[in-house]
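Here the structure is laid out as structure tokens; the discussion comes afterwards.
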């Protein structure tokens, strides 16, 4: 079974392909302005080299900022649940997660199976997000990857008392103009951000084991500072940016198993009353949700709906289910009177009436 | 092409009438018509202002609310400063822009800092003919009732002077009857939401409540009666992943609740002053004069976060959670809304004890649920489902 | 309740006040009243530290609360907001208290001293009060923080409901509330209210209000004999020592010192280039820095209409409870901060500007105090009518992360250049 | 008598040379890392144009670094003088620089009567527009005339620049995605409404001028004129107004014999 998890973040798009719980391919690309194109592009890039096509993927879960717009996803799940599930794949002992994404910073608590038990996101202020660090790296003229190491070489940390990203930027510029070294400025900012993260974590109360996920987990200076503040050794994944996509792929696997068994069963709608048995049976395996049965029935008995994650299927509407015998004269009488009915028009022969 | 049948409820025609009122407010058809016929329209700010007295004097009470969505409040920010709650600033902005210029009076109450400062600045900068501030105690003791009754008598007297008429006990009794009828109908509406698959969503209920503040009560009662019949026979059933309750600051935007319900949950009840807390208790005469009965109802009604002790409110919130079988609580609090912000560390543990988790959302008045809010609500629903498994 | 109780914050406050006074006593130009003020604070917090060992009860209360009642019943008062103020002013450890407040779930928009108070009790840095008292005088924060403190400390509490306006019915309601509170205190502390002692306190309180008025008048002199440090002392004297012998002694000494200075024509700053009206309270964590800026630019704070301008009215010791109720309406803050913002509040501004010959006004917009900031525009327009420019600086009272030192200094410099240019 | 004004902005250093109330030379040099060196460089450029000069006044955010210039004045005072010199009838002037937006009010004598710059959450600055242009992957100029083609415009309400950016991203990632011209208009309106809020604080009074580097952005100025309800005056070189004001003050100080 092939499952895919795609995490469209505000900055980067992360995709993971799994074969029965085994990661066989993963990519990290930039999120472009057109999210639909980005999703397809990321998927094809990841599938390259695996010899698989998009059709071979049994189930796809999308997460992240642009999750609603992934056309080929069966389901979308919030990045908070995906990060908890994803880190559980590598470290089942983790109970507290700090996810420092591009746009926001999240503190998550989870249980042994990686299910979220409590979470909090940073309030209105953007201090302490990936975007904040990017702005500062811009000002200091440093590539984003290097700001971690630069901070570690700092001798004396200068205080950044304001947490507002925009004011911190102007303070950084002022320090730069006064000749303060880049490493001291960076260290000062990491300190301010680490304090904010600690306060966020305390809101969900910190419990061992602890992990940091998201792009900033690769920033050594930041991780060292958070470790010092929190007082716990963070268990870091090999690639912390992929945790969201891995979690999504794992959900794809779990949710697919749950859905697969129901899909090829037959579903009966109707009842038995004094005057006889009135059941309409729809064979879900055969039905492809073409919707031909809807217009042909004068009493709007049918509708096509798409349950979360499953392919679209026909079903009897709620409002008619309990009154079928009063509405529908039975398939034979209807066929004679109107020369076509739901059964005759259904090319897949998925509909059956008991009267 | 794949045909997905959208369940369009052509059956609830009256709901569209309410939506029509809300979309045209503050200059709705009825209000403009009544003004042209010389009827006085009086704006009120808070649920501690007794509407019956305004109604009994033959005036039309209208609740002052802000913009329907989150907009840039340029003038209000300049006049009222950015650290006042965005509900007060949104109302002030509409006032300054003349959207309420047809009001003949504004009745304020000293309930919270936001409301009383909105009243101060309204009097200072907007030329509404009649102003009156009702001083509301923060307790339920007999002494507090005596003071509140004294304030209600003062208000009635100054309002009678303004209207140039005397408000008789009969007029008060008629108004009490009309408003109690309205409260009973709203209670019947909320009872339907206790069903396993309620026929009405939270967003639709908010449309009804909003319309109720903005039209003559007799007309509203007639429409709501018709809607209740339609509902009880419509056979509509909304399935939902989780049953939620909304608490926190004042809110009038159905879009916010719709953005939650689009994720598959259903808001089955609320503890808002624009919802349950507005209609909760009826006026009970049992031997008192109409004015005294009204005064007792308004001070003893389902309390706002301003009242002390807060347990009176918390117990009622916990009752709602049990009655409506709520799975999770969404606490949306407007920035700088201090009475509700202070309650977070008090109410959240009480809900946790009966294993009902709370999602705290940091909103502005009129928000309709941005990307960030959708993510938090979706994560919250996933958390609720994981808990159930 | 014996045994060593954690009161580390109180111990360090006492140590700091003693150390400050040892240093002040060596300086010849130090103001004797300021030395007496720090002695008062030392005694105040020593009372709190030793209360439980001495078998006394501690009652915590907020700002604008009638502590006279507690003094008359020999209950040790603990002023909650002032204790966080003192932390910000002298210990600079308020960051820890605010972080704990946030951890409890209090939003950053809540008034920072109240977030600090919740943090202080949760961190158990002060002795646990036996009674929690709070009231709705002056805003929603003071009206709501009491129940959280009760939840944290587990102590019983009473809410004093202050009415909104000064009508006869509301005045008698307040007197009724005071009676109920005394009844509650008597039940929970075993102490009886000594009404003769309360009357003595009311006599001293009436005298002290006169002293406040005299001190305010003395500051009309050009050059002005007192600036911001004295302003903060006056607030502390009324909030923490109402009607006490110590505050009477302090205010008399301060009045005499100012009289000598005015008679000899000596100002606190010379040359006195600009006389400023201060609205609300400057950020406490920047107070020393501000004193240097004021001195450097030759500016002095001569009047604070919202906090040091008492209403007319005398207290009647034969009716102590009515007097205490009346005092809550004589408070300088009552006209502009609680009750309808009417013409009296506007007259305060214009009269102060003229009587104190003010050149400019600075409004310290404490973002945690929403209802005072709502009146900034009206105050600015009022000052504009009397041709007095007003500077507004967004700041906080105790939370240093809201604005930076440089930002405050540059804004202040720009304002002085504006005054020079007129 | 020749005087010089230096405005040490966060991104550029601007120098103006004044000779008997006539601008005889100006230069704009990117600040770069070492502010002092660039300031000296800008000074040389301006001076080289016409021999030596004696009176100099410095202003701007980086003014503390210019230790070699004794006389320093605040940005608002210099802006007031500069605008008065260029447009005597102006009562309200909006300076939109890279780092911040400042609105100043002049009294009848042309002196500074009141000013307002951003409240706690700073957005609506030149840098904000630059970041938005980068996000939309187009130059600012193109974005500005694109905004004129918008049918409707989404509401961008969050006060913080970083969150305003995430709002723009969410408009891009929406189903159906919001058209680019509408987003550009939305960005400009959010900047203009911030400026309007400041103007309303100090009170709007005719005539109105716009200075600072962002004043060159025609799309923004057109929207601002629509919102404020009157034409605005834009100087030929809007970035040097503060430096010009500093030069004027240098002349005044020379007459008054002030050197410190």
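Order as written gives the chain letters A, B, C and D; numbering starts at 1 within each chain.
By our rule, a residue touches a chain if its C-beta (ideal position, glycine included) is under 8 Å from a C-beta of that chain, and two chains touch if they have at least 3 such contacts.
Keep in mind that what you see is a predicted model, and the values were worked out from it rather than measured.
**Student:** According to the touch definition, list the chains common to the neighbour sets of chain B and chain D.
**Tutor:** Where chain B and chain D share a partner, that partner set is A, C.
**Student:** Measuring between mean CA coordinates, which chain is farthest from chain B?
**Tutor:** D
**Student:** Out of A-C and A-D, which chain pair has the most contact pairs?
**Tutor:** A-D
**Student:** With centres defined as the mean C-alpha position, give me the chain A-chain C separation in Å.
**Tutor:** 52
**Student:** When the centre of a chain is set as the mean of its C-alpha atoms, what distance in Å lies between chain A and chain D?
**Tutor:** That pair's centroid distance is 43 Å.
**Student:** Centroid of chain A to centroid of chain B, CA atoms only: how many Å?
**Tutor:** Here chain A and chain B have centroids separated by 35 Å.
**Student:** Among the residues of chain D, pick out those that touch two or more other chains and give their numbers.
**Tutor:** Counting only residues that touch two or more other chains, chain D contributes 119-121, 166, 170, 173, 201.
**Student:** Quick check on chain B: which residues sit in contact with 2+ other chains?
**Tutor:** 78, 335, 360, 362, 371-372
**Student:** Got the chain C residues that touch at least 2 other chains?
**Tutor:** 105, 107, 367, 377, 402-403
**Student:** Going by the touch rule set out above, what shape does the chain contact graph take here: line, ring, star, complete or other?
**Tutor:** complete
**Student:** What residues of chain A sit close enough to touch chain C in their complex?
**Tutor:** 123, 125, 161-163, 167, 171, 174, 195, 198-199, 202-203
**Student:** Could you pull out which chain D residues touch chain B in their complex?
**Tutor:** 119-121, 155, 157, 159, 166-167, 170, 173, 189-190, 193, 196-197, 200-201
**Student:** Provide the residue numbers of chain C that touch chain A in the complex, in ascending order.
**Tutor:** 99, 102-103, 105, 107-108, 400-404, 406
**Student:** Which positions of chain C touch chain D when the two form their complex?
**Tutor:** 367, 377, 389, 392, 394, 402-403, 410, 413-414, 417-418, 421-422
**Student:** Quick check: in the complex, which residue numbers of chain B touch chain D?
**Tutor:** 69-72, 74-75, 77-78, 82, 364, 370-372
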